[in-house]
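Quick heads-up: structures coming right below.
Below are two complexes that have chain A in common, paired first with chain B and then with chain C.
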Partner chain A sequence: MTYDENRLFLIMLGFGLFMGLVTLLYVIKQAFGRDGGEVGGWEIRGAPGRIFAIARTTLAEGLRAKVGAGFAAIIFIAIPIFYFTAEGDGTIKGRVQMFLSYSMGFSGFVIGVLTIMFSCRSLSVEIASKQIFGIASKPVPRWQIVAGKWVGVMSLNVALLTVSTIAAYAGTQGVIKRFKNQLTGELESYGGLTPVQAATTVAALEDVHGIGRQGVQSPIVDAFAKSLGRTPDQVADLLLRLPEGTRMNLRRFDELRRHVIACRAALKAELPDFAPEIRAQVDKLKKSGEIPEGWTESKLLQNFKAAVIGQFCTIPPGPQNARQWKFKGPRPIKGKNVIMSIRFKLDAPGYVPPQEVRGEQLPENTLLCFWGFGDSAKADYAETGEPYPVNSFFELEMPSECVEDDGTIVISFANMDPRRQSVSMDLANKGLEVLYHTGTFEEGVVQAALAILIPVACLASFGVCASTFLSFPVGTLIVMTLFIVASSMGFVADALAATKDYAGANMTLEWEIRRFTVDAIGWVLAIGDLDSVSELIEGRAVGWAALWSNTWKFVLLKGTAVFVLAVLVLRRRELATVIV
Partner chain B sequence: MNESTGDNFAVLQCIALTKVFKDFWGRAKVLAVDKLDLDVHPGEVFGLLGPNGSGKSTTIKILLGLLYPTSGTARLFGRPPTDTAVKARIGFMPEESYLYRYLNARETLDYYGRLFKLDRHERRRRTEQLIEMVGLKRAAHRQVGTYSKGMARRIGLAQALINDPDLLILDEPTTGLDPVGTRQIKDVIEALSGRGKTVVLCSHLLADVEDVCDRVAIMYGGKRQALGTVEDLLQRRDVTQITTRELSVQTINTIRDVVAKAGGEVLAVDHPTDRLESLFLRVVGAAQRDKIETSGAESTVGVSNFLAGSSSSESGISLVESLVHAGKEPTKPAQTSEPVAVPAEREVRGDVLKTLATKKPVVSPLAPTGPVEVKAPEPDRDVLNRLLNPTSGDEKSN
Partner chain C sequence: MRPATRKWMFVLVAISLAYAASLRVAPMNELREAHQLVLPPLPKKVSSSALLTPLLALGRAPLVDYLWLRATKLKDEGRIFDAYQLAQWICELQPKFPSVWAFQGWNMAYNISVTQKSAEERWRWVRNGYELIRDKGIPLNPNNTQLYRELAWILFHKVGDLLDEWQGYYKLQFALQMQDILGPPPEGYERAGRLAGDYYRSYDFERLASSPQKLVDLLRDPEVAAFANKLDTFGYDVRQNSVYLGLIASLADNTLEVRGTTGNRKEDQLVALKAAINDPASKPAQQKLDNFWRAWRVRNELKMDLAKIVEMNKTFGLILDYRLPESHALYWSVLGVEKGRGTRLNYDIHQLNTRRLEFFCLQKMFHRGRIAMSRDSKAGEPPLMQPDIRVAKVLFDAFVRDSEQFEKKKNEGPISQNFITGFVGFARTAILRYHELGMNKEAQEFFDYLNRYYPDRMYERGLSGFLEEQFREDKKLYDYRTSLARIEAMIFRALLHYAYDEDEEAVRFLKRAKELYDTYQRTVASPRLRYTFTFAQTIEQVVHERAGQLSRASYENVCRKLNLAPLTEGSTIPINLPTSQPMETPEEQAAREKANAELQKSGAP
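Presenting the complex of A and B:
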């Protein structure tokens, strides 16, 4: 960032702060600017009943009014359309992932927009139409009116989200059932099985356990043998009679079951402590006066850290350059039936051409690598190697026996590709994770739905607050802007972060102001930081801890702060005022 | 102490109450209420009269905590109107029925009952009684948004009564109501008044106020222009009226002579006419008895049990009985639905009120004057005695 750009930033920042200040003053004027206001009215006794009554009426209005019904109709028309049109990459996994992504993502978006419209009109329209006289002339403290409206808006959201989640879940099961029926038909036609045998065989896919990879007998064979009462060889013969497409579909269904219709937790790799090394580098630069102009110490430390970690996570070819990572997390359950996997993305610069090695063809854009699971000195140590695709995520199942008693998992990696291509993994962006099952798919769906509710609850607070002192269109415009900005928060955060670390000579105060402002903007604009739909389609659990953390930050803390502001404004507001 | 401010036990009290509406920049633009002093005592039916824009509704809204006074004080039951605890004792029927369009009548009343923390059983009991009382039993399942204006007003009345209020504030209560509904409002006022409840009636329909109010205040330009009992305000000292059974022409002439001899003047001798309201109630009552179908509000008379002070599940004033006797069994002679002889003077009194209410005040808007205190004159006993004594024989002959 240049000096002029920095100036421009500060000018824009000043303008933004001015506008923010004007808005804040207006709110304060509304809240405290005149005599009068509610006396007392903080009692808790009887509050649940009144809040429930107001919420119920708000909900009834939402359900019976055309706006609420319209939004519900949009969702319920869209989900069947997604059911019939979602194809993804053509595989069952892609189809399910796309259907889940569209239906849950779309429902979340529509419910977000509905929340904004419904919450922004909740009080403003009642005040404008004087319906509020009916409540305000009754013994209802105004905080209970605000709370009732919020609960009413959220009740509508919960109702809509529940139904749309059930529809998405049912749709997913429908897609899977349709696929199973197709598999059953193919087993009957090509495998010569009776309808009952075919159905039993397909059902047995749900009980496949163990790792399937090249050179090892597929666990699907074991499951089929058990369900059909045949030997593995007989099952192998049966599978060989099937067309290649059907065999692929059997594998893909197994993959879907393990990687999508699942609820998995992720562990991130622990890195060695590079701090002393980085500190030494920074001190050396400072001593020699070679710190680049405009760089702060924190930026320097961050850059060094990124460089060192990048160096550690870049693996040149050859066994001597092998790396080892440790993963620590909640102790996973050990056992033959426990499904664990590593998910990784090998980043390789440029095109990797195909090559033949000892009669074996290494495909293009793959790298021959080896993974080791566990302590190599122990009996449970397992190793596997094959050409893995580069620049895309790949999941590889690992034996759960390699987990140490204290929950530690040691994973080794060696780049053994003869094409002498270095490879790297971006650990900060899920470049290497250990995934293990923690619950059922249904649990994952519930967690994803709850995660959708968190930003919606925060938005509802903003909307109800806006409706206490702004008209419906103005309130909607402001909260909608917040929603759009918050939805693209990653982009905004990156843009803000780019400006954050610039500091010219003698610009310490400006830098501090900017840093504080950027952080504050980031905090104000954020309404949730869980990408639950992405997690869901990757078969990941959002996690109760993450849900609680987000609820605390965005509902209990921020939502309550906004709620208190709304109450203060409404307590002071003249509900029958006439602007002349 | 001043009559308006001295009663510490007043249900409703305004002391120098002033409300100025301002523009966005805080500049004073409209002086809506100007140093208003007012007391309303327990059990009183008080009328707040005035033409449009006289400050009645603004005063009511201040009393309900919907507006805050610019200066002065308003108190209800000795507490500020913005105190939520006070509102538990108030029933309010706004000038228009601002109801939730998507709720039906039952849901609406249930909702307001919940706000008063009534238990489920009591909510149901009162809801059913009120719906029956306001004649919306058949339309109870319909959404309020589909109601006619009059039907919505009836639900507006019912919601104001759900808590059996100690103070009922009615803002233009008869607007949009048919005569049956208007009669019902009056019945409710009487029933509540009979139980010692206080009613504040804000209206510019003078006949309604005249029928039911004990005292009235007339406002204009935000100021109180007159205050007193209805009788005090309406009584004409320069005219005497005698009401008798039908007299012969000869007797009337004799009376004329007596009056002339006494130095008086007979202004008019005629037969009183029925009131249109009474006629209307009779006709509708007959239609009800004939069970003629209607999709609108049913015409009912009487008040619900809990308002009438009865805890019995059987109606204290049987609805059917009320319908049958609609307009026949008045609770007060002055408010009977039976065709009664309304003296010509009553019409004159209406004129007086109208004149008072529409007369342009001579006071400056910014310099308030004290209220007009009207004292009732002593009746002219001499004229009465002379009038009656010579004609006693004629009356017997009649």
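Presenting the complex of A and C:
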């Protein structure tokens, strides 16, 4: 960015801040001014009953106004459309992932929009039509009115989300069922099985357990062999008669079982504490007086930290540069059906050309690496190595036996590629994780749905607050804008050149201001930081801890703050002019 | 005039004008059609986008933008679970924007595919790429040459060429799919001098083209209807797609089952079913059913016009082997050029490129258009690609024809200045190949043509002199190590051909290997440097040593043909050629070089 662009940015930022301040002062003046209206109490006795009554009328009003029905119709038309049109990448796994992603994601989005519209009209329409007199003239504290409105909005949300989640879950099962029906048909037509045999074979898919394997060793082949009373080789011959697409779909179905229709927790590789090392390097530089001109200590620390972490995460070729990480997980459940895996992304700069080594072809854009699982001194230690793709995520299953009794998992890695290319893993950003099954898919779906409710609850607070002093269209427009900005903060940061990519070697003051601005906007507008749908389609559990942490941050803390603001505004708002 | 009368008069005038206007509709439609301003009728499978387009007239642009952003973001994150669907939506929202179809197809075939680790995953994305253009883009833009070119390019370059490291797998899957559609050779087809592959190189497409396009038309045939009813009693409804072809496949590999019965009755029914199928009286009906369902698959799965295939085969004077991606690329190129004809563009780069592609396809088919499938192909052994001599004449004609068309300035010879280097290289290769195959008349014709129009010193000694010159390397005397490596390489190529049942070619390679062996043994300067093992022992050693490069079935096939006992897994090779290879002394090297010079001078074959 040039100097002139920076100056323009700063001028626009200053102008924006000024306008924001003026707006805020106006709102405060309107809310707390001399003509601000009556003051209510904070009475708690009898609150649940009154809140419930207001919630009920709010819900009834919403249903009467057809807002809820309209949005529900959108969701319930969209989900069947997704069901019938979802193709994903053409495989059963992609189809399920796409259906889940679109149905849950779309439901979440529509419920978010509904929340904005419903909550923004909750009080504003009543005030405008003077229906509020009916409640305001009764001894109901203002906070109970606001709380009642919020509960009313959330009741509709919960009801809609419950039904749409059930529909998404049922749809997922339906997509799988459709695949099984297709497989049954192909086993009959291409495989020459009788309908009974084909049905029994497909039913055997339910009995498939354990980690995935290639070819005849696949647990699917094993399950089919048992159900048909044939040998694995005979089953392999049978499968070879199916179309290639179906065979691949069977393998994807097995992946679906292990990686999508699952509820897995993830352990991230933890970085060691580099602080003392970084501090020592900074002190050394200070002593020698070699600090570059204009560099502050914090900038020095940041640079050293990036360099040290980068070095730690980069693995040069050769066994002498092997790395080892320890993960601390819960006590393991051992057994042959327990599925554990590591998920990693090998970052390699540029193109890695193919190479032939002792008659074996190392494909392009892969690196020959070895992974070790467990303590190499123990009998349970396992090792595997092959060329892994670079610059894309890869999941590798590992034996659960290598987990220590206290839950410690030791993972070793060696870059043995003869092309002498260094490789790095972004450990801070899920560059290496251990995944293990913690519950059922249903549990994962419930957690994902609850995670969708968190931003919705926060949005409802914003909407109800806006409806205390803004008209329905203005309130909707503002909260909708905030919602869109909050949902696209990554894009905003990129557009304002406030991401790390734009920092350059020397972080300028302008960049710091931009970053601070974007961070501040992000912090104020954030309504949740869980990407539950992405987690769900990768078979990951959102996690009760993450759910609680988000609820605490965005519902109990931010939502309550907005709620209190709404109550204060409503208490000061003049609902009717006194005419003497 | 009274208001009511005036009102009725207006109504009458309006009706008259409406009627007069309606008379112009048909001529206007003809004009629109003549000026290519009319949209083609939409196939049923793609008509959803036609509904989507007007419906989304208002919000289409932001939706398309959103989908592009999402597709790019997910691809960057390595999450491609909905990439195919997103590509489809993006295209269907802009159905008349051919560049979008072309980009999305190319993106899947080239960019997304290479992010995948396994061959099967890659193949799926390559297929997704060309199927998007073929199955959806072209039906919506049937006159757009760019889409035909893009489709032909993916088939020719990504599937047919050698660029991709998994190209062997792509070729195998492509060929297997075609074999499945066209069906296996009939029983007894393979015999001396005729291979299974020849069935596809002489496939009777006219038989399929003449088959009815609709099932109802087929079932009007009483023979077919009676046979279908008969099979109904065994639980096979051959009116359903894939049932009849599946039944025939089960019968061929002896896994036929009778549906809906159990126990002893099942056995009786099975015998009855087999009898019904083997009944000579039902054979014509079976043939019709077979033709119909195979033609149906060609039309519906490959979106190809059988009449066009037949026409192309007649034009080229050659039945193209449609197991080759190049044949498909050629088909789509020819169609693209045809469909694009008559457009108003003075200079259409897509047409020019599509014409070039036709040419490339023929060249590739000449160099490696004879495809041989392994007996273990279904287990993943890639096909063997060899030169297809049948294409030599077609390619020769194409050189001449295209020279006339593209040449702006007349040259001395019949071939365009731009093509001369390529043409001469091709013609020389063709002469060698004709000679290897014993087709000396054709070799002489090509030689005479070259000599007449593009004379060179190497033609002065006639065809035999030219051939000697070309095989000079085979006569050259190399040292111990190099000669042995060349012999072993030649033997391995022979084994490869045996494995793929290309026995004639295998014998040719073995003969050349033997010649190399004999030349070395005969002319080597020092007895110390002679091979202490026989040629037969060398073959045996190579067979067992290179077994790992073949599938087990192919290895056993080779052993059977060479009368060798295949080794069990883990056992050691019975014959071991000496591991220490004697080094030449300076005197021996000088003697070899001298002998070499004499050999070359004598020109002895």
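In this section, the second predicted complex is superposed on the first by the 444 of 580 C-alpha atoms of A that agree within 3 Å, B and C clash if a C-alpha of one lies under 4 Å from a C-alpha of the other, contacts with A are read in each partner's own complex, and residues count from 1 in each chain.
Note that in this section a residue touches a chain if its C-beta (ideal position, glycine included) is under 8 Å from a C-beta of that chain, and two chains touch if they have at least 3 such contacts.
A quick note: this is a predicted structure, and the numbers were derived from the prediction, not measured.
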Which partner does A:195 reach: the first (chain B), the second (chain C), both, or neither?
second
Considering only touches as defined above, state whether A:575 meets chain B (first), chain C (second), both or neither.
first
Have a look at where A:130 lands relative to chain B and chain C in the superposition and call it first, second, both or neither.
first
Mind working out whether A:240 is in touch with chain B, chain C, both or neither, as first, second, both or neither?
second
In the overlaid three-chain picture, which partner chain does A:88 touch, first (chain B) or second (chain C), both, or neither?
second
Which superposed partner A:64 touches (first chain B, second chain C, both, neither)
first
Check whether A:365 is in contact with chain B, with chain C, with both or with neither, and answer first, second, both or neither.
second
Would you mind listing the overlap between the chain B footprint and the chain C footprint on chain A?
none
Footprint of chain B on chain A - complex, ascending:
34-41, 43, 46, 49-50, 52-54, 56-57, 60-61, 64-65, 129-141, 574-580
Using the touch rule from the top, collect the residues of chain B that touch chain A in their complex.
21-24, 29-30, 61, 64-70, 79-80, 82-88, 90, 92, 94, 96, 98-103, 107, 111-112, 114-117, 143, 159, 163
Touching chain A in the complex, chain C uses residues 78, 80-85, 88, 114-117, 120-121, 123-125, 128, 165, 173, 176-177, 180, 235, 242-243, 246, 249-250, 253, 255-260, 378-379
Going by the contact rule at the top, pick out the chain A residues touching chain C in the complex.
85-91, 93-94, 97-98, 101-102, 188-195, 197, 238, 240-241, 243-245, 248, 251, 345, 354, 361, 363-366, 388-389, 391-394, 537
